[in-house]
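Chain naming follows the written order as A, B, C, D and E, and within any one chain the residues start at number 1.
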Amino acid sequence: MSTQNAGAVPAVEIEQMDKYYGQFQSLTGVSLTISQGEKIVVCGPSGSGKSTMIRCINALEQHEGGKLMVLGREVTKDRASIDAARKATGMVFQSFNLFPHMTVLENCMIAQRKVKGTSQKEARDLALHYLERVRIPEQADKYPSQLSGGQQQRVAIARALCMKPAIMLYDEPTSALDPEMVKEVLDTMLELAKEGTTMVCVTHEMGFARSVADRVVFMDKGRVVETAPPKEFFDSPQSERAKTFLAQMLH
Amino acid sequence: MSTQNAGAVPAVEIEQMDKYYGQFQSLTGVSLTISQGEKIVVCGPSGSGKSTMIRCINALEQHEGGKLMVLGREVTKDRASIDAARKATGMVFQSFNLFPHMTVLENCMIAQRKVKGTSQKEARDLALHYLERVRIPEQADKYPSQLSGGQQQRVAIARALCMKPAIMLYDEPTSALDPEMVKEVLDTMLELAKEGTTMVCVTHEMGFARSVADRVVFMDKGRVVETAPPKEFFDSPQSERAKTFLAQMLH
Amino acid sequence: MFQQFTFNHVLFLAQSTLVTLQLVGIALAGGAVGSAIITAMLISPIRPIRWLAELFVFIIQGTPIIVTLFMAYYGLPMMGLNLDQTWSMTFAFAIFTSAFLGEIWRSSLAAVPKGQWESAHALGLSWRTTMGSIIVPQAMRIAIPPSIGFLVQLVKGTSVVSIIGIAELTRAAQIVSNATFKPLPVFLTAAAFYFAINFPLTMLSRHLERRFKVGGMVKSH
Amino acid sequence: MNGLEFSGTLSRIDLLIAGAWTTVWISGVSMVLGLLIGLACAVAMGVNRPVRLIVLTYIEIIRNTPFLVQLFVVYFGLPSLGIRLSPVTSAIIGLSIYGGAYLAEIIRAGIDNVPPGPIEAARALGMRSTTIFGSIVLKPALASIFPALSGQFVLLLQSSSLLSAISVAELTGAGNDIQSLTVRNFEAFVFVAGFYILLTTGFRLIFAGIARTSFRFKYLGR
Amino acid sequence: QGEASSLDAIIAKGKLSVCTSFSTPPYGITDADLKPAGFDIAVANLLARDLAVELELVDVASQARIPSLNGGNCDVLISSFGVTAERAKTVWYSVPIYVDTQTVIAPSSTNFSSYEDLVGKNIGVTRGSTNDTLLTENALPGTNIMRFEDAATGNQALFSGQVDGLVSGTAAAFTITKETDQFKPQFPMRTSPMGVGIRKGETDLLQWVNTEIMLLWNSGELQAAQQEWIGTVNEDLHNYWF
């Protein structure tokens, strides 16, 4: 079922993936292989397909052409393959998407309980463990609306971590935050990144990309235009599009 | 009625101004004098009172203590003084606030017609003139919802300009825009700034502040903490609060 | 036994449908004036006036229409107003309409974003211009779907006057049912007539609601 | 009939209280049943087109015809099909079916209004659609429509005033009894109106209380 | 209730306005052509004829009768209007035009011979009618009194089997029993005179109506109307006159 390379299976393998929204082609022939433990930062102009790609990896969207493999298992329309992809990945959204009617703790427990059938106590312990990891154990009994944006995003990260995914996907996790909160979330992510989980992060925080990423993937108009280590990408981008994009990013 | 200095009257003179929302004191002893033609950038953390100050200048809010003079005339609860302040100032909001049921042209004409009693033709000509100045004359007959955010904000600027205010007030005019639209609005403002109208702009676009502002006003907790030319402010902020704020802004 | 439920009876029901429509028309005419006044009172800057209107809305919305009806019916003559049956009904419905539409219109005005007021003020527009050129035109679009929705309620609401014997549709159905002793077909026919009036209104209101919600208010030009 | 004369009505206040109680319990039971019908319909609307069409037909027929006529159909019409129900049973069935149609629409709107974000997050966490509906969608949906629900309940309470037409001794019927006993019509109905306003206000308060305890998350904003 | 004679006013405007009911057989119903008909309407016609004015009929429900009259919606009330002491405080009555015998009408298969037989049964009445008062006062505990808004609704309840019996005048019972043998009157409960309702203080109108009733009796037209619509004639009607 999987085209396994010698040694470790790649975390994600994308081959010539296409994705349409109705008539509109949102991804065109995207290919990208992400090794386990690798940290990828995805950037590119608005509408270039960054979110679409990351959502395909999580099987929130179904791709139409090409091939997508997560941890060596192909993601198809098949329910089991979708479940497997979701189990392997944790997703953190730009707008947090916490469950508003549950406390922070319940947010972190619900999927463990309902998907994995973990016992109440175990789920609770694990949730508290990860809340500590994102440094907000004291907020456990609050509701999301009582937290700052930065805190909410950290809960979202903890919630994803509780499912112990092999791959963490972040879709612009800091862009909905006020400047002062961005830092606390980036710090959290940086710390997690050090530990070796695979990470794919859509972000325009160039400082973060420089200090964390193994590779930067630059997308435009549904294609991967450039893939390079951050230093190379920022200092000498190859494509014209990346050059103008970077020029604008830094005003 | 006005404490006129020798030479030109200051555009705005604020002395020990206080403002309360119910129990909450939103401005405390704010003093600031803005000369005619000066460009001021106001920055500071969220909730520091930036919007409140600018709204007081426009008489959208009434201050409770101290003194506020616009073009040498004191702004009080008196209807006439409020009208005078509004006539002297043009306001551009973060969220555009265009009139959705009117075309771009009508948006720019309504106040001229109803407040100044300008003739249809003259109002139209002036509106088109300013729409050209913000480089969207071709959008004149569209409705706001048919425009991009950046275009909408430029219409809002043109609408304010049509009243030929002596002072333009901007409240985070780019923060509701996506990155690529920010640039077009900032460029427009920059061009206008060159012409000598007085400008007070709340913004966190530090590049803009550096290249345009005569002075940067830094606020915190309802007070003006620091006022300095941009170079001085960015390179060697005096107050601790400004230092940490800037550190965070630039990660 | 008894009379058959004939086409004649159906015609009679159709005629009574006209009476129902007449009731609705008159109630609406009276109610429109009343609602305008109540709306104005509800947004008045003078508190006692606002309170008065709020109290009115509170009482009328808190009381079943049939009770309002009885109160008008029994109470008006006591106040020396000798209206005939139809007019006292109209009066009750005008009151009912004023309270509901007044509240719908008030909330439509309130639904216009605050930013619209602010930018109008910032441009120096007077209260009247702001209201007339900026707020009301936007509020009207918001108000149309719920107003039509209310109209449906009103059409149905008129059925309660059958209880005091005005020969509108429901009363007519009772009369026919009593002459023929065939309640089921008679009431189903009456229901069909109501449905024929209301269904197009409901569809229209839904259509408008969807259009104003999804398309934003402006694209519809 | 000059001057107001409340003593006759006052001395029969127990009739009004009994009527009010009937109004309250019948409305209460019907509201619960109506909620179940509404919920079932709201869910059914999402199933497929034919089911959706059936549910919409039910909703439109009920919403576009007067409750009184529906009530007559149930009470006087059904016996000709061999189904004979007591006034109270007819009342509860009629009210539930009537309320259910409105509640279906409201609940559907509530479900549709749940922001897609949390649902996506739940999917990303691997939850199945039934779990998502039960654990993620339902509560916020109910919370967001709670004002509409409480408004609908008040309307249901008011619609119950027509039940006296089929001899249910509810509040309006009690008012009618009193007015025919005392021949002081206006006075009797001043009291009836007062009772309704009391009931309405009381229910609104109770609903607000339920909302505050069950949907605490909604009231904790920063 | 002005000083001016209401009788003169009626004659002056050339129209007699009568509150009645179109859904209370046999007093007021609609015929096959949907025209108002019935005993009350026949009497109304006679009054208008002898006043030489046009007749206007206003359909009012049972419980709305007194308010309609006192509210000025009509000049007189002819609507199976039973005489009670309570009502007589608010309106004036003419001399009776018919004396009904109240009874329980029930399916022919049943046999009610006293109030005791009604215990445990659903018995319908028109809310606020004299039937209502009668049953409320005499029913034994355990009788389930069901009050409907008007005769129409009550009849429907009887016909759809929603009640076991309906308190009604023999007159009303006659309308039903002449059409079908499914129902029959059970035991007589009380006699109940019915009059024409007139607003208090309108002496001249009352006087005229009383006189007219006497004349109609004398000419036999009242009896004819009774015979036509109610199927019996009240031979002893004048015993109730005052």
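Going forward, contacts are C-beta pairs under 8 Å (C-beta built on N, C-alpha and C of every residue); 3 or more make two chains touch, one makes a residue touch a chain.
As the structure is a computational prediction, the values presented were derived from the model and not from experiment.
Visitor: Determine the shortest chain-contact distance, in steps, between chain C and chain E.
Guide: Between chain C and chain E, the shortest chain-hopping route counts 1.
Visitor: On the document's contact criterion, could you list the chains that touch chain C and likewise touch chain D?
Guide: E
Visitor: Please give the pair of chains with the highest number of C-beta contact pairs.
Guide: Comparing chain pairs, contacts are most numerous for C-D.
Visitor: If you average the CA coordinates per chain, which chain's centre is most distant from that of chain C?
Guide: The chain lying farthest from chain C is A.
Visitor: Let me spell it out: compute each chain's centre from its C-alpha atoms, then which one is farthest from chain B's centre?
Guide: E
Visitor: How many Å are there between the centre of chain A and the centre of chain D, using C-alpha atoms for each centre?
Guide: Centre-to-centre distance between chain A and chain D: 46 Å.
Visitor: Centroid of chain D to centroid of chain E, CA atoms only: how many Å?
Guide: Taking the mean C-alpha position of each chain, the two centres sit 38 Å apart.
Visitor: Using Cα averages as centroids, what's the distance between chain A and chain E in whole Å?
Guide: 83
Visitor: Nearest whole angstrom, what separates the Cα centre of chain A from the Cα centre of chain C?
Guide: A distance of 53 Å separates the two centres.
Visitor: Counting only residues that touch at least 2 other chains, which ones in chain C make the list?
Guide: 73-74, 77, 162-163, 177, 183
Visitor: Considering chain A alone, which of its residues make contact with at least two other chains?
Guide: In chain A, no residue touches two or more other chains.
Visitor: Give me the residue numbers in chain E that touch at least two other chains, ranges are fine.
Guide: 67, 70, 149, 153, 156, 160
Visitor: Write out all the pairs of touching chains, ordered by chain label.
Guide: Per the contact definition above, the touching pairs are A-B, A-D, B-C, C-D, C-E, D-E.
Visitor: Which residues, counting only chain C, touch chain E once they are in their complex?
Guide: Contacts found on chain C: 1-3, 8-9, 12, 73-74, 76-77, 82-85, 88, 162-167, 171, 174-179, 181, 183.
Visitor: Of all residues in chain C, which touch chain D in the complex?
Guide: 58-59, 61-68, 70-71, 73-75, 77-78, 152, 156-157, 159-160, 162-163, 170, 173, 177, 182-184, 187-188, 190-191, 194-195, 197-199, 202
Visitor: In their shared complex, at which residues does chain D touch chain A?
Guide: Residues of chain D touching chain A: 117-118, 120-127, 131, 135-136, 139-140, 143, 215-218, 220-222.
Visitor: Under the definition above, what is the set of chain D residues touching chain E in their complex?
Guide: 1, 72, 75-77, 79-80, 84, 87, 164-167, 169, 173, 176-177, 179-183, 185
Visitor: Per the contact definition, I'd like the list of chain C residues that touch chain B in the complex.
Guide: Touching chain B from chain C are residues 113, 115-116, 118-126, 129, 133-134, 137-138, 141, 216-219, 221.
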